[in-house]
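There are two complexes below, and they share subunit A, which is joined by subunit B in the first and by subunit C in the second.
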Partner chain A sequence: MRNVIRLVWFDLKPELSPPVWIVMEWVVFLVQVGIYGAIISQLVTNPVIGDYKQFYAVGLVIMITFDMASHTGRHFVEHAHEGRLPYLLSLPISRSKLFLTIALQGATELALMLSVPLIVTLLIIGNLTWVSVVACILALFFLGFGVAGLMLGLSFIAFKSSDLYTAMVTGLSAVIIRFSTVLYPFIVLPSQYASAAAFSPLTYGSDLVRFILGFDPTILLNPYYAVAVLAGLAVSTLGLGIFLAQRLVEGVKSA
Partner chain B sequence: MSEIRVILAIARNDFSYFFRTKWLMAILLSLNLSDMLVVALVYGNMMTFEYFNYFVPAVVVMGLFAASLDTGRRIWLALREGVIQYELSLPVSTQGLVIAYLLAGGAAALVYASSLLTIAMIVLQASAILSALMLLPFLFVLAMGLAGIAATLSAIASTHGEFFFAFQNIVQVSLLTLSTVYYPLDKIQNYLPSFILPIVTSNPLSLAAEALRQYTFLGIPIELDLLLRILLTSVPFAIVGAFAYLGALRKIQAQGKI
Partner chain C sequence: MYAVETENLTKRYGKTYALENLDFTIDENEIMVLLGPNGSGKTTLLLILATVLKPTSGNAKVMGLDVAAQPTQVRRLLGIAFQDARGFWRHKPADILRFHASVCGVPKAKADSLIETFFKDLELWDARNKLFMHLSGGQAKRLEVSKVLVQRPKFAILDEPTSQVDLRGKRQIWEQILKLREEGSTILVATNEVREAEYLADRVTVLDLGKFVVCDSVRKLKDSITGGDIVELEIDTSEPKTLEEALNQIDGTVKITNARENRFKAYVSMAESWVPKMTEICYQNKARIHSIRITEPSLDDVFLHFTGRTLRENNK
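Right after this comes the complex of A and B.
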């Protein structure tokens, strides 16, 4: 375990000295909620949604989770592309520990990124309790693991062309967010968009977090479905990730 | 005359690099098209306000802004990868190199935004094609100004990529949030203190979005006043950016690095 922690710290240290990205993410979050969210909520007149600023703040927290998780998946590919992966594979640690390192690093970065936005969101909603904090963190980490696993699963494309992989995952990211309930509830989506949103993991993640935080359940998807989808996604994609880390990465060279 | 040719060659090279960066094209197109065809439409379902008609023209300005800001990333890459040392050895003055980057930034952003404008005109069935064409030179100057902001950020951040991207992100969010790109001025007046309002109204992004909405999509005859305001608010950014980048290049010439 000490080796795993050492490796996690080795990767995290450059990002924390100074923690530019984390502070920047917090500032951008505060501007988006404090100005954009507040002004656009004046335009949202649908009574079912209530205060749109609260709805939007949760959406931003989901977007940060998604960004961090997909960054973790991409990090693995970047390591392969930059020749760092062969070095990591040569270290005296097992493949499963290496995979655990990637997962732990992603989880630590996610926790750091989310700390301020999540607390601010809970304060805006007026639901800052231990139960809500723990339940939200669990839901967000499940979503994060699922998305990171999905990006890792796509990494086989990078072994053909890393340019194509980056183009695919970055392009896909914007579309996955827009075709989901991150920014708007399921009931206001036109039918053709709603069917696409039903396939987005972010739909289930955002609706589950909103359910935990006491939003009107009539505008949300069934929380049991959301739990099942997120758990299924996390387990299946992480399983795929472990398979890739153990079987496919040996000797690969990213194009 | 030969220097102009070199400037144009550098600008053409930088211009084509923008469109050859696949991941960038994927991000910009997926973001802007989904904003136009999904976000604008769905937000409209939550409002009594005609948000689709309001937001679609603004997406063109957002695309222009994002594409212009990429000039900063290309300058930062040139500084980090040492390409700038090669470019400084070319038969072109330092000022010429700065002009080449700003021209390429403006042209790439304009071409990209024009494609979005075409889609927006089809989606909203706008017919004022002549007005749209007349706005293009002003959008080009705006794009050069925005590229100037990006050049300033990359010169300040030097080779520290994390600072450059952080600065860029904060500037992008602040300029867009404090503009009428996303919401009308009366809603901003209801919320933000009055001393912020002059910043919002003189923000070149607000002016460009307003010009597109009024002249291209509502078909109102073009008024010179608004176009002049776009020029007056964009040119200073381009000048500041040019001087910042020039300063960075002079430092490289004198010390070999920044």
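Right after this comes the complex of A and C.
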């Protein structure tokens, strides 16, 4: 386990000295909520939603989670392309611990990235308690693991063509975010949009986090259903992603 | 028990065989050099032994451990310097080596001392605090080799350890590899540099197109080429024809040419046993030897002998 921590720290260290891009993400979040959130909440005055700024802030937190989880998948592909993966695979660490390292590193980056946005969001909503923080983090990690697994599963495309992988991930990101309840609640969506949104993992992540934070449950999906979907997604895609990636990097697929 | 043993080892990418039914062994505390042109399967073999790639079929064992069934245990015994030194772009060489040593279980005090030694010996001291991305190709390669040197594994794998390194640097790295063997490591070096193979190898395995060609000591491989040694003689004699006939009778003589009156060129096997016999014949024939120049075949000639192509041709 000590080696897992060493590896996570070794990889994170250059990103934290200094932590420019993390701070920049916080600044972008604050600007986005402070300016755009304030303006859009004046325009969106649907009584079903209530204060749209609160709804929007949670949506931004979900989008950051999605970006970071995608980044973890991409990070793995970059490792392979930069020639770092063979080195990692040759270290005296079991494969399961190596993939745990990749997941932990992603989770740590996610936690660092989310710390300020999550606290600011909870302050805006007026629900900054230990319970809400822990519950949100759990829900977001489930979502993050699910998305990271999805991206890892897709990484086999990158071994054929990194351009195709980038195009697919960008397209998929656009669709997954837009066709979801990240920025608008399920009940206001036209039926065809709502049907598509039901396939986005972000729908379940954002509705679950909003439920935890005390949003009106009548505008959200059933939280038990959301927990089941997120847990299933995290276990299946991460498991599949690790399985595919492991077979891929060790070349068994060619057998 | 062999330090490394493969049996029918095969690695296939689609329809292409990177390795085909390879049977190969390395003795403990031996330096085995894999010699072959680009695409001969050297790196594939190294990556399978390092458990980075899994074989398509066949077995490979390192110190008795199966690389496919017990990969984590195998990785605890080995260290590998990859052909392309890439990876941690935003890290400093000192941090990279410290990290590598700690993950491989080298005690901190020992690691710090070894890191300082190798930074100095391999002329990386001034670059130790640069970012990896700012190192030259040769410095990056020396850093890659330093990982194995600091780790001092039981089984060291080095893939073209001196490519991109200048002549002085090559010699420094070769000396360190020999020291590592003196301390008990078994070493596998892949190269397509003939000089490197000749300097380091206890035995050489020649691979071509993923297949085993031949394996033996450098001396025996060279001696296996009939007439591979060339002995150029300048002899003062009144009867060159008689002398030529006498030289032709020596065991191991393949051909004698008489370029000019007193100059002979003998194509022989094992010049070291041919030359004493030649001197005796010259003495008996009252011929005076002015000069002897012996040229032995290179490993390039060995490769040519066994495959019909030179290494240089294949690398083009």
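Simple rule for what comes next: the second predicted complex is superposed on the first by the 248 of 255 C-alpha atoms of A that agree within 3 Å, B and C clash if a C-alpha of one lies under 4 Å from a C-alpha of the other, contacts with A are read in each partner's own complex, and residues count from 1 in each chain.
Methods note: a residue touches a chain if its C-beta (ideal position, glycine included) is under 8 Å from a C-beta of that chain, and two chains touch if they have at least 3 such contacts.
None of the values given here were measured: they were computed from a predicted structure.
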If you tally the residues of subunit A touched by each partner, is the higher count for subunit B or for subunit C? B
Looking at A:A167, would you say it contacts subunit B, subunit C, both, or neither? Reply first, second, both or neither. first
For A:I35, is the partner it touches subunit B (first), subunit C (second), both, or none of the two (neither)? first
In the superposed arrangement, which partner chain does A:F66 touch: subunit B (first), subunit C (second), both, or neither? neither
Between subunit B and subunit C, whom does A:Y87 touch in the aligned arrangement: first, second, both, or neither? second
Partner chain(s) touched by A:Y184 [first = subunit B, second = subunit C, both, neither]: first
Answer with first, second, both or neither: which of subunit B and subunit C does A:F10 touch in the superposed model? second
Find the residues of subunit A that appear in the contact set with subunit B and again in the contact set with subunit C. none
Which part of subunit C faces subunit A closely enough to touch in the complex? 11-14, 47, 50-54, 56-57, 71-72, 75-76, 78, 80, 82, 84, 86-91, 95, 99, 102-105
Counting only contacts in the complex, subunit A reaches subunit B at residues 20-21, 23-24, 27-28, 31-32, 35-36, 38-40, 42-46, 49, 52, 163-164, 166-168, 170-175, 178-179, 183-184, 188-190, 193
In the complex, go through subunit B and note every residue touching subunit A. 22-23, 25-27, 29-31, 34-35, 38-39, 41-43, 45-49, 51, 162-163, 166, 169-170, 173-174, 177-178, 182-183, 187-188, 190-192
Considering only the defined contacts, which subunit A positions touch subunit C in the complex? 3, 6-7, 10, 13-14, 82-84, 86-87, 89-95, 249-252, 254-255
